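Here's the structure we're looking at; comments come further down.
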Amino acid sequence: MILPARELLEYYRGPASDIYFQRAHATLAGEGLDPVVAMEYFPDRPGVLCGINQVLDLLKDALGAGAEVWALGEGERMDAKEVVLRVRARYSEFGVLETATLGIMASCSGWATRAGEVVAAAAGTRVISFGARHVHPLVGPVMEYAAVVGGCSGCATPLGAQLAGLPAPSGTMPHAMILIFGDTVAAGEAFDRHMAPDVLRIVLVDTFKDEVEESLRVAAAMQDRLRGVRLDTPWERGRVTVELVKEVRARLDLAGHPKVGIFVSGGMNIERVRQFVEAKAPVDSFGVGMEIASAPPIGFTADIKEVDGQPRTKRGRIPGLADNPRLSRVI
Amino acid sequence: MILPARELLEYYRGPASDIYFQRAHATLAGEGLDPVVAMEYFPDRPGVLCGINQVLDLLKDALGAGAEVWALGEGERMDAKEVVLRVRARYSEFGVLETATLGIMASCSGWATRAGEVVAAAAGTRVISFGARHVHPLVGPVMEYAAVVGGCSGCATPLGAQLAGLPAPSGTMPHAMILIFGDTVAAGEAFDRHMAPDVLRIVLVDTFKDEVEESLRVAAAMQDRLRGVRLDTPWERGRVTVELVKEVRARLDLAGHPKVGIFVSGGMNIERVRQFVEAKAPVDSFGVGMEIASAPPIGFTADIKEVDGQPRTKRGRIPGLADNPRLSRVI
Amino acid sequence: MILPARELLEYYRGPASDIYFQRAHATLAGEGLDPVVAMEYFPDRPGVLCGINQVLDLLKDALGAGAEVWALGEGERMDAKEVVLRVRARYSEFGVLETATLGIMASCSGWATRAGEVVAAAAGTRVISFGARHVHPLVGPVMEYAAVVGGCSGCATPLGAQLAGLPAPSGTMPHAMILIFGDTVAAGEAFDRHMAPDVLRIVLVDTFKDEVEESLRVAAAMQDRLRGVRLDTPWERGRVTVELVKEVRARLDLAGHPKVGIFVSGGMNIERVRQFVEAKAPVDSFGVGMEIASAPPIGFTADIKEVDGQPRTKRGRIPGLADNPRLSRVI
Amino acid sequence: MILPARELLEYYRGPASDIYFQRAHATLAGEGLDPVVAMEYFPDRPGVLCGINQVLDLLKDALGAGAEVWALGEGERMDAKEVVLRVRARYSEFGVLETATLGIMASCSGWATRAGEVVAAAAGTRVISFGARHVHPLVGPVMEYAAVVGGCSGCATPLGAQLAGLPAPSGTMPHAMILIFGDTVAAGEAFDRHMAPDVLRIVLVDTFKDEVEESLRVAAAMQDRLRGVRLDTPWERGRVTVELVKEVRARLDLAGHPKVGIFVSGGMNIERVRQFVEAKAPVDSFGVGMEIASAPPIGFTADIKEVDGQPRTKRGRIPGLADNPRLSRVI
Amino acid sequence: MILPARELLEYYRGPASDIYFQRAHATLAGEGLDPVVAMEYFPDRPGVLCGINQVLDLLKDALGAGAEVWALGEGERMDAKEVVLRVRARYSEFGVLETATLGIMASCSGWATRAGEVVAAAAGTRVISFGARHVHPLVGPVMEYAAVVGGCSGCATPLGAQLAGLPAPSGTMPHAMILIFGDTVAAGEAFDRHMAPDVLRIVLVDTFKDEVEESLRVAAAMQDRLRGVRLDTPWERGRVTVELVKEVRARLDLAGHPKVGIFVSGGMNIERVRQFVEAKAPVDSFGVGMEIASAPPIGFTADIKEVDGQPRTKRGRIPGLADNPRLSRVI
Amino acid sequence: MILPARELLEYYRGPASDIYFQRAHATLAGEGLDPVVAMEYFPDRPGVLCGINQVLDLLKDALGAGAEVWALGEGERMDAKEVVLRVRARYSEFGVLETATLGIMASCSGWATRAGEVVAAAAGTRVISFGARHVHPLVGPVMEYAAVVGGCSGCATPLGAQLAGLPAPSGTMPHAMILIFGDTVAAGEAFDRHMAPDVLRIVLVDTFKDEVEESLRVAAAMQDRLRGVRLDTPWERGRVTVELVKEVRARLDLAGHPKVGIFVSGGMNIERVRQFVEAKAPVDSFGVGMEIASAPPIGFTADIKEVDGQPRTKRGRIPGLADNPRLSRVI
């Protein structure tokens, strides 16, 4: 990712770890205590597990010989309270990684779960993650990776796309570029001149003129080179509506441009996506940002369930290993 | 932070930037267009502005001579739609940083705003950020920094404390350590033996026994060396309640330990903090995690308002600079 | 109105009267019964009394010598159950007019009351009645008369304006006319050529192009001859919004047309009017249609309270005349 | 109706028409423009279409040779946005009739739709329209006509009955008549003496005494000549209730009057009708007034969809004719 | 009450006591344990304390020399969790009375609290308890006593009145008596013949005829001997309404009976009483039954707070005596 | 019950009877009127009929020769308004018992109905009535009898158990006893020493220590003599939760005590019982108190329907006997 694995492990063990884990390490070391413990990790609500691969990469680097690890797979559904990861190892090898381990799964599973809900609402229409601008850029690409794990068909940052194994990031053109050109058709034609052939020619059509008029102007100018128009009508103008999409579609068809697609963005959330789908709006893909980016993390808990092979746990939990046949031995 | 400034700038310009800004750059460069533009940044809801310092550090590195920047200060209140940052510069110098700029302010302001609400609810009782485990560790310390900007008195990660300018991170001991010892008193005494003098002796008292009984046992064993007890009762046992706090306080006092403080954690949110404060529960400090960590980002928007000194903007917005006398010229 | 007074009275006594009043007349006549009765009329909810003048015109034609009538004035506020009209006369002279008397006050007071609420919400901005198309044309002008009694500044039909004592009806131009011209500027200029000087030049600007663009085109073409633009954005495009009005205002001002007014119509109801007023949208007048036209009638009841000078009434009512010092003797 | 057809057409074209249609006519005439346009009319919510016959009568008088009209039939169900009328003609022939055309369908369809809902709730029990007193008498009979189109079995005004093709209006006797007699039995017997044989002897029984006692008195006096009793208990006495109806029925039966029917009126709305039906109250017919009379109009819109054979329409609508196979060619 | 004090004490100690208190007694006796304990009693919600006098009577009989008791007074307001009774005595003397002690206060305080709310709603108009028929007759008079403690002016049972220290119970005549007479006037006159002079002549007027008609008949027949009429209209006829009361009042006054009072009963609850008071209905007194009778008991708890002079209590409570300066030493 | 039948009858006829029934008796006697009447009794809402046996016992003592009585059986379901009791006898024999008759059925049916709902929610797990302390002790055992009629498996007072025909009351040990011992294990062992063999050894485990720890200590000390543990965690500690029950079960099983049952009490209501059942908490029985004790009475009404063989009743009711084939002739 952003750092080499070794440096990342050191960062997670030290500057990014809750200090009390480090104090516990010092205390236990002072007393010469280092039992083999079994620790189980579970979420507080159901969702899509994501981040487990990053966690396993960490554990592979951190654990010593003899350690055992069981886990569910990246992108699998998980129930509330279901054990998704179990580590049996000397406590000193992984105890201090609890902050990082839980945090990776918390953020990533939150994003992937919400993305999965959006994708379900889209009922087959493609959903592209556009929300990197709504999270700190240190994790923007991670959020986009999680969105793709949750079901999105594309994302907007190069690193996000790389993490997700996609051939390329997705993107059209920003309002800023059109404003600098001062005319949408001029901007679209320049874009067409300078982009590599594999970049889709999708022109944003709400900057200066009515969306229908602009769509027809752009289509007339670019003809078959135009792959689609993007509607991103601001809320001051009522956002993109089902009716606007239908009208643009009808007017493009009447003007002889049936192959020009319609891409919708701007405040799209689960409810609005569902509304477009139910109204059979002829959308080719949705761009979704804040809805996924603002998904709350899923809280994860790590509980010791055995110490030196004996069932032991804290008040409120059942001692001994939980029974979960879905777990696979991964280390 | 996690990377040197120069590497961070490159990361933000490339792998972490929405691809369409990079495509716009290429198109404009291809046409030889690079006007001076004025761009204004504003949030979609009110809150505490946070992250602006990181943003200004970036802009100082990125902008060329002649650029002008106005901003509100880190930690200031901002209204919905209020311009908090204005940049007037050649577009090529900062256009591609829009993803990073917006994302830094979005996440940080979301966390700081929520933290401010928790701190207000606590009405003077200290609030410590304990939520690093609920966000991806690449931003855990950043979240804690924002929590302190929003009003928290301490945080749990070393890097978080360093970013926030605190002398040290805060922390007691985890359940895992007590479970390994098998007895709370034994764990407390070992902790006392091995920690530096400046580490507060606060013992977690809900692992094996009733909290009242354990508090009295620990206080009897550690006497004046005990600074406090931490209550973190799990939800399976009804979480920490106002009445439990009052009972522990009364029993410690009856047993001659009036100076032993009570630290409350576990699912504390604004509503629960308010309830404890209203019921005058004798709490010395609250540990708050998920409530702050799960704060949704605040959406920020960047709009071009002038191009080459002329008012110009997109449909739905008012051309020309917004009037905000609170802005200060910072570059 | 639509018929001479004498024909109207016959219409109300016969074809438009509930048959059972006619049967009661025949029965009483057959028995030779025709006492002087006092009948009181009251509404079932509070509002603005309207239609009383039409009712008094009828009664003047219908009642014989010795009859007495008390009433509140046209346009006065009335409370629920307040007596607004009292007739003391031989029953044969006015009993059969009960259907017409109640019906006139029911419809007119319903419309006037709702209009009064709209006007109150507009807080000083002019409101024009545009709803004749939403009621049967036999009463369209009557509805508009009632809207003006309730506080509207103008109305759209010639007969409505005449009944209300206004110098002229209000009106701009329909979408149909612009569609036939095929261009808004062409339509506006033709309108200007053919209208008398006292007709305000207000051009509808949402037919073909974005409202802002069209407003600027029209203003550029017509210059000082343009009195205003009308925004009537259809719901498929998000209706007229506060922000659209502010944007049109700002762009007209930037382009040097500060005297061109903005007239808003299209689904304006009390809630939307209030929202525009609270947001200080720079509206010059509102056109309101369905909100007033669909006002439910106010139910009126007529009760005999005395027969031949003795208190008498039906179960559920208090015998004898009600005390209402606001009533004036009008016949 | 109230006026000869020719006078009505002139009234609709002038005094009752929104002035801006007249101004559009003048402008278009001034420019020599009079294309053939196709205009489509549709409602904003579903319901029962009513008034189309009045509209077609107007159009027959107004349109010239070559005009084409398609429509749904009087009383047919219509969907929201479904085209119910299409006119293709020179605009000058019918443009100015838009106010009247829409208004007739708006009011009539609103009343018919609500009446249909009441009739459905009555589940087979007869519903009589009694609400002429709640609307302006210029449209009272029209409202009753629409109520019958919507499903009512009878109505109260002679003209309403005539428009609806009913043999006679329905009606019993008003409280006023009984109050003048001073005794219900005396009033009933006088009614019986003076009415033609085809008038049903239905006596109102709540004026002076308890409804049950009065029903038994009237039945004893009039024996087989009594067709029914009408219950119209005022709200001050709890209105007519299911239990009152059952008690009257039981007491009439006990007293040997099983053929005397029970007619219920007074504040009957859909909810109350449904409640009576569900409770199996032995009601012979319901008199319904305000519930139907206060039905809000259904908003209708007329859109030009073609000009001189070319698809053309305003922003927000789809150009070209809508596809509705339910339409029939009527002119 | 229903049993001599000594028998009542034995009944409470044995057949009516939860068996586990008796088993605790046997166990403690078997071990020779009988410490002096301090037990405190408190309610779970605020209200009017009632039953404490019955409890103190019991304790006086049960406690030995040296026992100490503190209490609030009968009819005093109490807060949630406020100690209302404290007993310091040997446990064997009163432990087994816990069921009775709590139960007496629970039921009585529930009834008195609800009665107080009804009386407050009546705002000065007298409220009579009529609800003995809605509770088991073993406690019917106790309920009525509590209702008077809570503020009622009278009650219906002789024992209730005696317990409450009232000179006599209140009552008019039941429907059954009038039904047997077959005529209300006949029943009223017979009642007048046979009742002692101190019994108020209040006649129930809704059995056979309309309430207004019957009121006038009774007043005409009994003249000055009639003290009042009682309205108890059944719900099938819409219950007593504000309007009915006003109509009866107006008609009695018109007929020259201004001194005949109006007594209202039948489903009167707090909401309905409040509605009558707000509407200024001329009611002389309200009869309230189910509203008071169905008041839920207030839960009381008894906690040991000291054993042999040492603070001791169970988990969840604070050891040692609570501080309540409102308590008075009563034994 | 608490009094011999003859004394009870006199108590019900006099001190506990609404005085107006006694006045009616005196009036009717003064007039020499004593017809045979048929009176029918019905509830105002559905439920479980209870108390009818007590009522029939009273009637058997009160009615003379020739009287006829029909009734539903104790514990049967009854519908709203369904006749559950019909008495045909001289009015003087039973009229004055109306207060007692209605009151017995009101309270008992209220309790039985609520108990039935709790038992249904428990879905097969035993429910024990523990609520005598929440009602006046004069009716505590009656309430428990009704709870058993409604479906409870046991109750806590000796008289309640006797009335219900149970072999013995149910009970464990109160907190007071354990507090006096100062240790739960000591208390449990003493209990075991002094109780008869048929008393179940169930030890309350929440007084001093954590419930799990105390359960394990008690089980270790008493071994096979321990039948169960009772959880009654106070609300200050979060009440008993599903998770606590599961944890106690798991820890007892791990420690080799699978036969020790778990008894749950403390604020158990229908909703909480249902929640435990749905979560499959391993509960052996529920102790339910306030939920049943606070059930509102079911209002009963008695109506005369015949006098001397002729149908007669008051306004609002149908004269003559109701048809209810479920009634059986019982006297």
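Per-chain numbering from 1; labels A, B, C, D, E and F assigned in written order.
Methods note: contacts are C-beta pairs under 8 Å (C-beta built on N, C-alpha and C of every residue); 3 or more make two chains touch, one makes a residue touch a chain.
Everything numeric in this text was worked out from a predicted model, so none of it was measured.
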item	value
Shared interface partners, meaning chains that touch chain C and chain F	A, B, D, E
Groups of chains joined by contact, in the absence of chain D	one piece
Interface sides of chain B and chain E: same vs different residues, half threshold	different
Equivalent of E-F within the choices A-B, B-E or A-C, defined by over half of its residue contact pairs recurring	A-B
Most distant chain from chain D, judged by the mean position of its C-alpha atoms	B
Chain whose mean Cα position lies farthest from chain F	C
Fitted rotation between chain A and its twin chain C in degrees, CA, nearest 5	180
Whole-Å gap between the CA centroids of chain C and chain D	21
Euclidean distance of C-alpha centroids - chain B vs chain F, Å	57
Chain E residues counted as touching two or more neighbouring chains	208-210, 233, 235-237, 243, 247, 315-317
Touch-based graph of the chains, sorted into line, ring, star, complete or other	other
Chain-to-chain touches, reported pairwise for every pair that qualifies	A-B, A-C, A-D, A-F, B-C, B-E, B-F, C-D, C-E, D-E, D-F, E-F
Chain C partner contacts - residues on chain E that touch it in the complex	210, 212, 243, 246-247, 250-251, 254
Complex contacts: residues of chain C adjacent to chain D	1-3, 11-12, 14-24, 26-31, 33, 35, 37, 39, 51, 91, 95, 98-100, 102-104, 106-108, 130, 132-142, 156-159, 162, 168-182, 187, 190-191, 193-195, 199, 206-209, 233-237, 290, 293-294, 296-297, 299-300, 302-304, 307, 312-317
For the chain C and chain E complex, residues of the former touching the latter	311, 315-320
Interfacial residue positions of chain A with respect to chain C in the complex	208-210, 213, 233, 235-239, 241, 243-244, 247
